[in-house]
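There are two complexes below, and they share subunit A, which is joined by subunit B in the first and by subunit C in the second.
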Partner chain A sequence: MHVTVKLFAGFRNGRIPIEETELPEGTRVIDVVNRQTIPVNEVGIIMLNNRHAKLDTELVQGDILALFPLVGGG
Partner chain B sequence: MQNAEFFFHKHSSNNMITSAWMATASEIFHLTPAQVEEKVLDLGILPARYKRNQCAISTSEQFTLYKSHVAIIGCGGLGCYVAEELARAGVGRITVIDPDVFEEHNLNRQLMSSLSELGAAKVTVAARRIAEINPAIHLLPIQSCLTIENGPELLQDVTVAVDALDSVSAKLMLASLCSSVGIPMVYAAIAGWFGQIACQLPGDDIVERIYQNIQVENGIEQKQGNLAFTAAVVGSLEAAEASKVILGKGRLLTGRMLVVDLLDMEVNEITV
Partner chain C sequence: MEKIARIDMGAQGGPRVTFEPVGEYAGLGGRATTSIMIAKEVNPLAHALGAENKLVIAPGMLSGSAGAMTGRLSVGCKSPLTGTIKESNAGGQAAQVLARIGYAAIVLEGKPEGDDLYKIIVSAEGIKVEVDNSLKLMDNYPLVEKLRAQYGDKVAYMTIGSAGERMLYAASIACTDPELRPTRHCGRGGVGAVMGSKKVKAIILDDAGMKMRPPKYPDKFRDANRKFVEGLRKHPVTGEGLPAYGTNVLTNVINEAGGYPTRNFRSGTFEGAAKLSGEAQAELEIKRGGTATHGCHRGCVIQCSGIYNDKNGNYLTKQPEYETVWAHGGHCGIDDLDVVAELDFLDDNIGLDTIDMGVAIGVAMDAGIIKFGDGEGAIRLMKEEVAKGTPLGRLLGCGAEITGKVLGVEKVPVVKGQALPAYDPRPIQGIGVTYATTTMGADHTAGYAIATNILKSGGDVDPLKVEGQVELSRNLQIATAAIDSTGMCLFIAFAILDQPETFQAFLDMLNAFYGTELTGDSVVELGKKVLSAERDFNARAGFTKYHDRLPRFFYTDPIAPHNQVFSVSDEEMDQLYNW
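Here is the complex of A and B:
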């Protein structure tokens, strides 16, 4: 299935900011996170087609996944 | 006070009065600088220090700002800029809450830190600095943490709270406190070249939604550090948003969050 993965802020460092990719059926958000070698505990906001999603949310054909790092400093 | 009114009118020009005449009035009529500024604004006269706020902020809006009370929780990277900018904008009462003293590693970004103030309480330095900028601004320094216990009292009669805290759990606690007290809150967080900001009105839970996936206490700021310009940009966005909440103008960041990326010079808006 065809999925667009968008990375924001610090997740772009050394990675492709916007990537259209072919993924096997049944791929979940956490599989994409692992594939991108992003530490799971650094994931802040997960938006799937502009709606909140979870790490175990399953992706489907045409999805647009956006990953934002956890930011908490002041 | 009638004599004072006559004095203010007599010494205003184009509906504006200088700080020198305001200081003289303070002496002659035995009024505090705060009483003088409030009276002048109430008469529709603009203290000359706010001349360049016009016409983006009108004289009556200036009076609204002066009568408002902002609580800034945290007086570090974000909080120093928020306090400085809101004081210069003309917010009359500012409560700053922070338990810490300035340390050497604050010097890279915290506006009010300096070599001579290392070891001094951040909130004390803030009070001194704001008094030098405008003695009519009442800055209340609280050198302690905001907690569930002291929160309701410290946030009493606050118009808007500004989050300048440096941990996810503290931000969530503040958001929950603001909800229970029923006041708006401006949220922000920074890390390295990146920042994010949103606004939570009473009845909303945007901060909880932002952090719904978290598994740890701290974010990427642990790895990426905190930079001067990121604190200044995001702190300034917070000051603007808090002013809009007070004045009831503009479009607030409710239901959406700005993600600021100073490395790629991008600002993205996401619906949260």
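Here is the complex of A and C:
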């Protein structure tokens, strides 16, 4: 299936910021995190198609996944 | 901080300075000082630009100490923009310097007759008020340059630009940063117009000969401060994200969440967000020889600011904040960081709130004065209209509400006359509660529900649902009122809400400094005391629960991508102050 993975802030260091990629059916958010070699405990915000998602959320064809470390401002 | 200075600008025979002990305002600081004093001393029905209004300038409880992050200065008055009580705070050097000179507050009172313009010099020797008509209609950067030639670089400056002199309702008060740039502003609510109404152009704060304020228990204070700094450094927000990318790291987050108000709140995502993002901004700043990491005052360990150079590598402005980049960027359909940075410089120079100014330009775009996305047009409006004080410029400089009324725009994003900042309340319901109910008019900082709704810091409340939002906003508003009184930067909240030991270190700093035994409950009580004073002032100024509402279109017009409206019921919102 076809999924867009976007990385932000410090997750971009040494990685591709935005990537359209083919993933096997049944891939979960945590599998993408592991493929990207991002330490799981550093994942702060997971947005899937503009909504918050969890590490064990299963991805489907056409998903747009955005991964952020814990960030803030205001 | 044992004394209060009152300067009666309208006294017979010229301004008169009197001094008094801190008295009933002892043990307060920052927002607690300004709000409790305004609520007690100013007639809520007074005109904000009249002689009855007062401008209270107060450093925080820990300002002027060796404590980290203690450089916030509060300015309070009745707001000409909102008609409510107002506390607007800023970083920069002013709070530390004013506290070291020994003042808990400087209070500008009365209003002089005639056209003379004044400057006030505050030092260990006392306070001088002098006429200086050579400063008339100068904007902040050249004004500070001129003052530096006379007063040097070892002082802090608080100034108003031409907007403040013209008493525009979005006028700010600028505070200089450690390198004496007038970049840190008490931005919101038109506090610069109140300073202008009293004909005060500049306040020069000189702490020569003064030392840092000593804690009652120095060893305990040093120990608590060390633990506090460790906590800030180890938290990912205050230790990594903010230093590397600044507040503008939020552009991508809020856009991905579908809560980025675009083209005057018509969409929740902006196709140009990536070009405006904190990631792009930091890269550009470093490439051009600026920096993405800079502190607005000495003693800041977060360093969320930066230096933005132009294409030729010359200083243009400080790193624009997220809300500024949004107001001048996505809200106006503009996706060019250089345009945004120039507008940020113009705001700082003319002396304007970047939020109300940017939102006003977007509202003017909605009215067809210029087109959405017209960056050159926006710069022209600032340079040729606002800076020159033309009729169009004056209405823009009075903020979004007046601009919308005069130009016949229906959808004007304001609460109590103050422009909404960079988070749409339809897909982020919690921040809508804060906008509607805070004593300040729409203000994200008053109860930053974004942290819990979107950033998952300090808890997790679903942004798309109404459940839990009123309680969340209430708790955040109480905590914020307390933090705003300590002189601490509000960004410590990310670390102290997530890390109990860092919250304890924060309490230990206060207790070691004052010899008190404050607990978490005492902080809550302080916050409630401040909010109650503000709410009481607003009630006497004529504000009711019916003013605690968002503009109607947020209840009727859904916004993509979530296609939601703001749904927290009026009855629930009316419970916010029921504690």
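One rule holds in what follows: the second predicted complex is superposed on the first by the 70 of 74 C-alpha atoms of A that agree within 3 Å, B and C clash if a C-alpha of one lies under 4 Å from a C-alpha of the other, contacts with A are read in each partner's own complex, and residues count from 1 in each chain.
Keep in mind that, in the parts below, a contact is a pair of C-beta atoms (placed from the backbone, for glycine too) under 8 Å apart; a residue touches a chain by one contact, two chains touch by 3 or more.
Note that the coordinates shown come from a computational prediction; the quantities given were computed from them, not determined experimentally.
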>> After the superposition on A, what does A:Val60 contact: first (subunit B), second (subunit C), both or neither?
In response: neither
> What is the contact status of A:Ile16 with respect to subunit B (first) and subunit C (second): first, second, both, or neither?
Replying inline: neither
> Can A:Val40 be said to touch subunit B (first), subunit C (second), both, or neither?
Replying inline: first
> Which residues would you name on subunit A as touching subunit B in one complex and subunit C in the other?
Replying inline: 8-10, 12, 17, 42, 44-45, 47, 50, 52, 66, 68-74
> Considering the complex alone, what residue numbers of subunit B touch subunit A?
Replying inline: 74, 76-79, 163-168, 171, 188-196, 209-221, 223-224, 226, 259, 261, 263-264, 268, 270-272
> Where on subunit A does subunit C make contact in their complex?
Replying inline: 6, 8-10, 12, 17, 42, 44-45, 47, 50-52, 66, 68-74
>> Under the definition above, what is the set of subunit A residues touching subunit B in their complex?
In response: 8-10, 12, 17, 40-47, 50, 52, 54-55, 66, 68-74
>> Under the stated contact criterion, what part of subunit C meets subunit A in this complex?
In response: 235-238, 240-242, 244-250, 252-253, 256-258, 268-269, 278-279, 304, 321-323, 444-445, 448, 450-451, 454-457, 462-464, 490-491, 494, 561-562
